[in-house]
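Heads up, there are several structures right after this.
Both complexes below contain chain A, partnered by chain B and then by chain C.
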Partner chain A sequence: MSLVLYYFLTITAIYILMSWGLYLPYRVAHLHFLTVANMLISGYLAGYMVQTLEVPFSVALLAGFAAGGIIGYIVSRFIGDAPTFTVVIVGFTFIYISRTAVENIKAVGATMGMFGLPMVAGSPVMHRWTLLILLYALVVVVGFLIYRFEHSRLGRAASVVFVDKDLATSMGVDIKRLGRLVQTFSSLVAGGCGVIYGFIYRSFHLDFFTFHLVGIFMTVIFVGGYATMWGTVLAAPALYGLSLILPPAVASWRIVIYGAILIAVLVLKPEGLITRRLAHKLETTLSRRRKR
Partner chain B sequence: MNKKMLSLLAVLLLIASIVGAGGQGDSGSSGGAGVVVEEWEIPFLNSLTGAIASIGEYLQWGAERAAFEINEAGGIAGKPVKVIGVDTALEPQKGVVEMSKIVEWALVALGPVPEPVIMAAAPIAVENEMMTMTATTSLEYAEKFFPWSISWFPATADRLPPLARDWAKDYGVKKVVQFVGIYGPWPGMAAAHVVGIKEAGAQHLGDVEVPQDAVTFGPLVVKALGMNPDGIIIACWPDKAAKIVQELKSRGWTDMEKILLFSSADDAALYTTGGADLNGTIIYNYINVDQDTPRWNAFKEAYQKDHNGLQPPSLSTNYYDAVYMIKRAIEETGVTGDPKKLKEERKLIAEAMFNMKNFEGLLFKWDMSDGVPTNKPGYLFQIQDGRKKLVKEIRN
Partner chain C sequence: MQTFIAQVINGLSLGSIYVLLATGFNLLLLVAMIIHFAYPQVVVFSMYIAWVVLRYTGNSILLAVLAAIVSSVLLNLISAPLFQKIMKNREEVDINTTMVLSLGIGMIITDILSHGFNKGLPIAFPAKLVGETPILRVGVISLMGGQVASLAVGIVAVSGIFLLLYKTRPGRAFRAIAEDPNGARLVGIPLLRTGLESYALSGVLGGLIAVLLAMLLGYSSPGLGEQVAHKVLAVSIIAGLGNLAGGLVVGLALGILEALVQGYISGSWSNAIAFVVMLLVMLFKPRGLFGIKL
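What follows is the complex of A and B.
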């Protein structure tokens, strides 16, 4: 497999997973930017474990997932049912805090970053295949879990919370518990993504985890469609691919192009390119074909 | 028989003349024998858009200026050279894909720029055994990718202490507080300043951290002045450095020469933000814009023509020199550009650069020793009305 394709596929998978990590809490009207801080914390933790403590990658990856999940759960105890704005502020604050913490920890390279992370398998080719398979297995598993969530009572409850919290409460939905569940799950996924993200580059630098990432994931969700999980699957490769294929003369207008796409989608199709109705229609058509 | 002998002689003469002409061609093409490319293409993994686009522009300008001059003078081994700007937009995600494309065909690459993209993309060049010239970062980053990278600067711990030491000695500074931006190699540079201050017999009272998102500087300056320093070193972003100087002045600081600005602050944003408030302050850097050599004057004139009369910034010469270094490496090693020999020719170029001696840079001559430049000077300047006036040249 060519290197270009490898990087395109792996980073696209990270975008899909991380955008789902924002999408899921957004189902209960939470913009949970804590996930970017989870990426950073778990990534650096795993990097330190593998490089300095010589722990196997698989163990470090699990630790990354766990760290993400634990931090997500602890924070969700306080903001599980908080208003959208509060969740946003907490997320941004955590990004600041975690960046400042890493800047001051020499053991993880501080402002210089971590270099030369070892390969996760014996050769560069095996390293790449391992990460690629791992990532797409994760996409399938996380996608399946989100799909099941969407088609469960919890998913329907989330839809009510998104529209009106009071209504949801009156219908017996435990808003805080639901918020805790989706926030913790998102943080857990983000933790694992942070680990793999660094091992794709085989290095960690604080500027891998900037607010720019928040912008990318938000654009993916709102262009693809914030009401279904499928919009992300469409928008992540399209938007990332677009930035790579733009001719040099147009590339400097990249941000303008993204902005124009986002505005156009928000004006013309406020729910995003893949709406819930469209997703439902496709699912119905597919299931009919299967029955035939 | 005579006829046969004559015919044989004629044939032999013909063969001899053809062989002779061929030989002359070989020796007379100044290393161009066997070159198979019509044009040397050098990709430059640069940040042409995004937060540091203004820096990326003049880095690119420097590289293209070198290519222009080289082509005017006959090219590299007789073939023209072209620098291809490849924009990473400061994004590692884009940097890795672009580097992946480059390693499929290029003999050598310029960049990446800056550190986050270097860290993500340079390992791809290393894995594919291709020299990638990270000419804007410190040795501490570049050395991680040796021998497939070279450093443009000596070790921070070697080059900065003499500059801070001489500043402290020459201006009678005894007690120093330092403003430090927390970014990449800057804390390491700040630590090297402290070594120099101590060598001068001065005291380091402490550091004041400058956050990347700082917009007001009053509290930071009050904190620094609270330590009662008689000298200040500022090692942070150019615009913020200018605002700190302004804040110091507004709080009664008058000994402007006892303020030392570090090299990374030497950018247009420093002068446009600081204006006349910077007058008298000292700044260190690695190029002397007041040199008077035909080559430098031509560069400066061309730069000013293309940039509304602005002085060439300190980093503008780095990739200019890098392109010339590539030219010398190709010509000295007899690289042909044949795609079938890509791997071995990459190695030849890398080896030639790694220990290149007597390299004629735009402003001075230097040697590379195992990827690290030696005998490069540093300079102390005094700022006056937006211009730098040379105070001292310092060599390790």
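What follows is the complex of A and C.
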């Protein structure tokens, strides 16, 4: 497998997982940018465990998931039912705080970053295949869980919360509990993604976790369609692939291109490319074919 | 004690910038019903325009001020139809989507600044604008021209906006739209024109802030907008969204807190401490200290 294809496949998987991490809380109208801080914290934690404490990668990965989940849960106790803009600003604040903390901690390389992380398997080829299989297994598991969530009472409750919180409350939906559940789950996924993201490049640097990342994930869910999980699956490879096929001089402006696409979609097709109606239609057609 | 006084003075001038930004931000929120998260990025873009004009006009401050105001007003007016279109698409006020749109605008502005100006490196403003020597110096306390100007303009601009909102007919129209857009339409207030006036007014304010920020900091960078945007939104949330008086108190308090932390704690931890305090307030009072006025 060529390196370009490897990076395309792995980074696309990270984009899909992280965008699902934003998509799920957005089902209850929360833009949960804390996930990017979760990536950073869990990634650096795992990097430190593997490089300095010589802990096996699998243990460090589990620790990354746990750290993401725990931080997500604690924060969600406060902002489980907060307004969207409060959730946004809490997420941004965490990104700033965690970046500043890493900048000042020499054990994790401070502003220099962590380089030369060990491989997760014996050879470079095995290292790549292991991460690739791990990532796509994670995509399948997380996708399955989100699919089940969407087709459950919780998913329907989330739809009501998105449309009208007062109506949801009067129908007996516990908004705070639902908010906590989706926020904690997305933070947990982000924690694991952060660990794998660093091990793809075998390094961690603060430049990996900037506001550009927030912009990219936001573009993926709003361009793909924020009302269904399938929009992300379509938009993530398309947007990342776009930056690979463009000439380098144009590709360096990719954030401007993403921003322009985001604005165009918000104005012209507010629900994104894959709308809920379209997804429902496709699901019905596919299930009919299966029955035949 | 002298260090404390010096830091309080620094904090007041920085705080007055936050107050101005929060006022422009709240004005758009109250009248146009949008969370213009990219408003500080618009301000930073105007700083860059002012820098370009200063470079090519032999440091003409008057032209730089005019260019900053014009660019800020233009950017605000260009973005206005996008926000209006989104509102029309949804047939209702949707603050969340306007915030996402605004984040998109912010992404574009930041990246243009990163690629299109000074090779993405921070820019420095000339001494003619920033001021070379302090106006007053007592021990470690020194008062720079930028500090005095930002405080003075801050007080005048915020008082002016309070007067405009509470003592004039256009101000009553602004408040009527904020209170009840449909009711305001029924009594004959033109929603579109009044909305555009608020964009233009916050644009003028943005241009002034750009010049003051340039005088106060002496530099700018592409990432400055994101950092300031985050603080301004935090000031507005801590005060209570749309609460102008609350924004005044919280903006000054945040400026003083930041300056004190920078004065007494070394390294870049100072920023984190200011953010931690902000975070704690937001976690325990997510609807603001002074109440939401929407």
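In this section, the second predicted complex is superposed on the first by the 280 of 292 C-alpha atoms of A that agree within 3 Å, B and C clash if a C-alpha of one lies under 4 Å from a C-alpha of the other, contacts with A are read in each partner's own complex, and residues count from 1 in each chain.
We take it that a contact is a pair of C-beta atoms (placed from the backbone, for glycine too) under 8 Å apart; a residue touches a chain by one contact, two chains touch by 3 or more.
From a predicted model like this one, the values you see are computed outputs, not experimental measurements.
Novice: Kindly classify A:Tyr44 by the partners it touches after superposition: chain B alone (first), chain C alone (second), both, or neither?
Specialist: neither
Novice: Let me test your reading of the model: by the given contact rule, A:Leu31 touches which partner, first (chain B), second (chain C), both or neither?
Specialist: In the superposition, A:Leu31 contacts chain C only.
Novice: Give one of first, second, both or neither to describe whether A:Glu103 is in contact with chain B, with chain C, with both, or with none.
Specialist: both
Novice: Determine, under the contact definition given at the top, whether A:Ser252 touches first (chain B), second (chain C), both, or neither.
Specialist: In the superposition, A:Ser252 contacts both chain B and chain C.
Novice: Where does A:Thr93 make contact in the superposed view: on chain B (first), on chain C (second), on both, or on neither?
Specialist: In the superposition, A:Thr93 contacts chain C only.
Novice: Is A:Tyr201 touching anything from chain B or chain C once the two structures are fitted on A? First, second, both or neither.
Specialist: In the superposed model, A:Tyr201 contacts chain B only, not chain C.
Novice: Should A:Thr84 be classified as contacting the first partner (chain B), the second (chain C), both, or neither?
Specialist: Second partner only, chain C.
Novice: For A:Phe149, is the partner it touches chain B (first), chain C (second), both, or none of the two (neither)?
Specialist: Neither chain B nor chain C is touched by A:Phe149.
Novice: Where on chain A do chain B and chain C both make contact?
Specialist: Common interface on chain A, chain B vs chain C: 100, 103, 212, 252, 255.
Novice: Can you list the residues on chain B that touch chain A in the complex?
Specialist: 48-49, 53, 85-87, 89, 91-94, 96-98, 100-101, 103-104, 115-116, 119-120, 123-124, 127, 140-141, 144, 182-188
Novice: Under the definition above, what is the set of chain A residues touching chain C in their complex?
Specialist: 29, 31, 75, 78-79, 82-86, 88-90, 92-94, 96-97, 100-101, 103-104, 211-212, 214-215, 218-219, 222, 252-253, 255-256, 258-260, 262-263, 266-267, 270
Novice: Could you list, by residue number, the parts of chain A that touch chain B in their complex?
Specialist: Answer in residue numbers: 2-4, 6-8, 11, 100, 103, 110-113, 115-116, 124, 200-205, 207-208, 212, 240, 243-244, 248, 251-252, 254-255.
Novice: Would you mind writing out the residues of chain C in touch with chain A in their complex?
Specialist: Against chain A, chain C makes touches at 35, 82, 85-86, 89-90, 95-97, 99-101, 103-105, 107-108, 110-112, 115, 226-227, 230, 233-234, 237, 241, 267-269, 271-272, 275-276, 278-279, 282-284, 286-287.
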